[in-house]
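Each in structure tokens, the structures are laid out below.
In what comes next, chain A is part of two complexes: it sits with chain B in the first one and with chain C in the second one.
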Partner chain A sequence: MNRALVLLAAIAVVLAAVLLPLWIGPFYTRVIQLFFFSAGLAVAWNLLGGFAGYWSFGHTVFIGMGAFSAAHIVTRLGPFGDGPLSMVLPILLSGLICGLFAAIIAYPILRLRGIYFAIAMLGVSQVVGELVNNLSWFQGGVGVFLQTPLPAGTAPEDFFYYLFGALLLASILIAVAVRKSRFGYALLSIREDEDTAMMLGVATERYKIMAFVLSAVLVGTLGAVYGYSVGYFTTYTVFRLDFSLNMIVFCLIGGIGTLAGPVIGTAIMLFITQVLLSRFLDIHLLITGAIVVAIILLMPGGIIGALRSWRRPAAGGGAAATETGS
Partner chain B sequence: MSDILLSGRSVTKSFRGLTAIRDVDFDIPAGAIFGLIGPNGAGKSTLFNLITGYYALTGGEIRFKGEDLSPLPTYRRNQAGIARAFQISKPFPALSVRENVRVGAMFGRPGARAAEDVVDQALAIAGLEELADRTAEGLTVGSLRKLEVARAYATRPSLLLADEPCAGLNPAETEEMVGCLRKVRDLGTTVWLVEHDMKAVTSVCDRIVVIDAGQKIAEGTPQQVVANPKVIAAYLGEPLEDKAG
Partner chain C sequence: MTLFLQTTLNGLVLGGIYSLAAVGFSLVFGVLGIVNLTHGIFVVAGAYGALVLFAELGIDPLVGIVPIGLALFAVGYVYQRTIIQWAVSRASLVASLVVTFGVAMMARNGLQLVFGPDVHTITPSYSFLSIPLGPLRIDVVRIVALGASLVLLTVLALVLARTHFGRAIRATAQQPLAAELCGLNVKNLHGLTFGLGAAMAGAAGAIIGIVQPFTAASEVAWTLNAFIVVVLGGIGSPAGALVGGLLLGLINAYTAQYVGPSLTQAAMFLVLVLMLLVRPSGLLGNAFGESR
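Coming up: the complex of A and B.
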């Protein structure tokens, strides 16, 4: 692939994204803001699920933990000055708290492979969600406020459009850096065959933990910003099974383990659900489900996998996008 | 030549009472192609699993370059210089042949950086240059076996444990594989080879260890081993007159 062309296209896309809110109305600004948020989550999930083959079914735990951390940091320790810059510290700290939590549970939980890890993460997200809901200190049941110090004259949808856009860009750049590095090769070898990877000198334990923590920090950061964007939330606003499932589905649709897959998958699914089906609210989940099943049946490697096998059918096909969990 | 690279003393492994390896001693000198033979279920793969750290020893000790291996996890043993090519090929199926080998080259030594010349060299030794950009998924059995050896060699080991690299290969491919192992040895890597193809073993090995039912029953040059009555008994059963007497 032509490197300069890709770079140029990327710059054009970023530039277009920066200018876009000037033309589109608040509704589409919000749709794209949701796309930035969801694609960021999918990219972060893909670091662990796609590269290392460890499918988490409970990544929403980091969204919830990020959002509640930010709220408690601001109300109990804040404020940290005024204006939008006062958000920086709570957001970063929340991401770090999620990373720390991931590092603590990583050792036992990453010994589980395949479906056992997936279910264990589902359990972790349920347990943490229930704790936040039922321990009064967390105030998950009554809800917490997290006000955004908007810059004067800025509409909230525009502000969060740019904030989530910047986070998505950062997530993509991190994913690219990981994929091209030695770390990335370690994760791929773990996904492909963990025992063999060990036999080839890969410190599998360490790399798995690194991927898990990195993924948690990114999702936690996005969760904290999401908390700001909704302003008031309870446990079930942020600890949501559908968040966990969306990350997986978006990656599946686009192509798990690929760089562009999570972003493309998110774009397609959100276009279908938010734009095409926005007038059929009563049946939109039904149609969405059917589309997901159809895409997975017809293109097991996702969109990217299908494109690859179409471009070079003789060379082993879209195998670069695997669909297996362990 | 007489430096001992790998040695085992009273190496023992039990699985809940079933003793798979019992009191096996061995000394593998640097620079040799050593053979390990024995009937099915004799414990050959178990022995390799003990050396690579996939299983923990029940008793005895294994020393590599004079150092006790037991505290080292598998990946550190590889970084110390022990590589293994599997009996059942275990490629990274979604990666290309080159990427498979690159993983070996990147991680085989502590702090190793991507060394593309090592990758190229390993591909060349195994004769896989032309398949470098293919995904491992679609390879033939013969090419998969070569990939096992190339990937293991790319970790730049001082000892290569080759577990039945010729299994399932036709005579021409076996010949190629034997040549490939010779090249590996000539480049300074000691080879310990498990193989059933007696022609391949006797033609390539300097010395052979024979185990049966978890115990070492013989060791020597190929000629000595093949003529050893215990070895013949292990493979073909005891002669009838012995049982009668």
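Coming up: the complex of A and C.
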């Protein structure tokens, strides 16, 4: 596709997103805010799960850790001044704490592969969640407050709409930068065949750890902002199995390992569950499960994969999904 | 000392049930290489089946194991030959993980719609009796549950070790291609193995129903327990499941008694993560070839 055209389209989308809250009501502003948050998570998960092929089933640990870090930083070390700018330091620090934690567990846990890595991450998220819930210092059981210093005259949904929008944009730009760099190609080589990549001189260990930490920092930052947006939360508001699973499902539906896949998948799933089915809360799981099964069976490469193989039928079925062009 | 012995006893009894609940998962994992996230659903479905049979027809849950096992065997066979088979052939083994997860979500939602979100228990006539054992006490239901678990595990071990069917399953687990070249119908055997796993899970569910309260949502815990048991004991063998299950039961009981009842989950997962890192092949049993 034409490079200038893509750039132009991207600018148009960003402009439209900036102006949108002027027309739509608070409900849809909140839905789109949720979309920005979830798509940001999916993009961050995709850095490790999509590019390097390490599917984490416990990424919610970084959401929880980010949110709780921000709350404890503000209540124990704060305040950091007035106005929205006082949020900057707690959010950045929370992201860094998540990155630090990821760096510590990265070496042992990334020695596991495939399903074992996935379940080990699930285990990590459960252990950390239970500790936050049961050790009184963390106050996960009773919950913590995280007040947002809103700028004067701004509705909270508009404020978080722009904040999450900016974070999503940043995540996408980071993902594009990674994908186009040597680092990105190293991750793809790890996904395709880790042993061969190592043999050919790719520093697989280092690149895997870098991807893991980067993904953790992004998710932790989003988690901290999420903490601000809900204002009060307990362990199970932020350490949630369905967060971990949503990241995977969104990527899967759009196309794992592609740049646009996570965003498209999130948009479609949220549109179906939040808008079309908002009145049928008791069969949400049923529908989500059915969509997941149908996507895997009918379009194993997700929507992007299906589009590619439709455009280039010669490339052959699901195989096209694992390639990652622009 | 009495407290320690009582805790140990409770842990072992709990562990026997964990073993039975996990052995089907272990079998499917070892033979088909599939991590079946629907496993917990089979367990909970077995418990609900026992509840319905007991409440509507007055059939004792231990007798109910037979029809429940047969029904879940059929469900498991069909499920493997259709959805799971398609997922593996069209996408990948990892994708089958997600498919089973999707099916589990649907089934949990379905169970919640049918039976409601309430916690259920099955209370046969012997449910409040207990036997003194020196200074210790043990509930009759727990003894019955442990006994039934051990019997079923032994039967399964004998079937796998001594019968033609068992040898065929083990051959398929070792080398699917070679087994097929020797004239075994591997696709059919995969289906049968999966059905067997589902039947064992259903039987475990019927027993769990008389020992513990259950809801549709507890399926997640049973799937995860099965995974931990398999990682502790090693995949693909009833003996491994027994060792892993007993260990998990002991860990659970000791943590609840000496550290804090709210930390059992954390302790179990901590052991899981450490075990994966230190000795990924389990305490006994086959190495996980692809774990690292």
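Here is the rule we go by: the second predicted complex is superposed on the first by the 317 of 326 C-alpha atoms of A that agree within 3 Å, B and C clash if a C-alpha of one lies under 4 Å from a C-alpha of the other, contacts with A are read in each partner's own complex, and residues count from 1 in each chain.
Everything below uses one rule, namely that a residue touches a chain if its C-beta (ideal position, glycine included) is under 8 Å from a C-beta of that chain, and two chains touch if they have at least 3 such contacts.
The model shown is predicted, which means the values in this text are computed figures rather than measured ones.
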Partner chain in contact with A:195 - chain B first, chain C second, else both or neither: first
Chain B versus chain C as contact partner of A:60, first or second or both or neither: neither
Chain B versus chain C as contact partner of A:124, first or second or both or neither: second
First, second, both or neither for A:266, with chain B first and chain C second: neither
First (chain B), second (chain C), both or neither touched by A:38: neither
Chain A residues touched - chain C or chain B, whichever exceeds: C
Contacting residues of chain C [partner chain A, same complex]: 35, 83, 86-87, 90-92, 94-95, 97-99, 101-110, 112-113, 220, 224, 227, 231, 260, 262-263, 265-266, 269-270, 272-273, 276-277, 280, 288, 290-292
Chain B to chain A touching residues, read off their complex: 52, 54, 73-75, 78-79, 83-84, 86, 90-95, 99, 102-104, 106-109, 112-114, 133-135, 137-138, 151-152, 155
Residues of chain A defined as touching chain C within the complex: 55, 108-109, 111-116, 118-120, 122-124, 126-127, 130-131, 133-134, 241, 245, 248-249, 252, 282-286, 288-293, 296-297, 300, 318
Of chain A, residues touching chain B in the complex: 182, 185-186, 188-189, 191-193, 195-204, 257, 315-317, 319-322
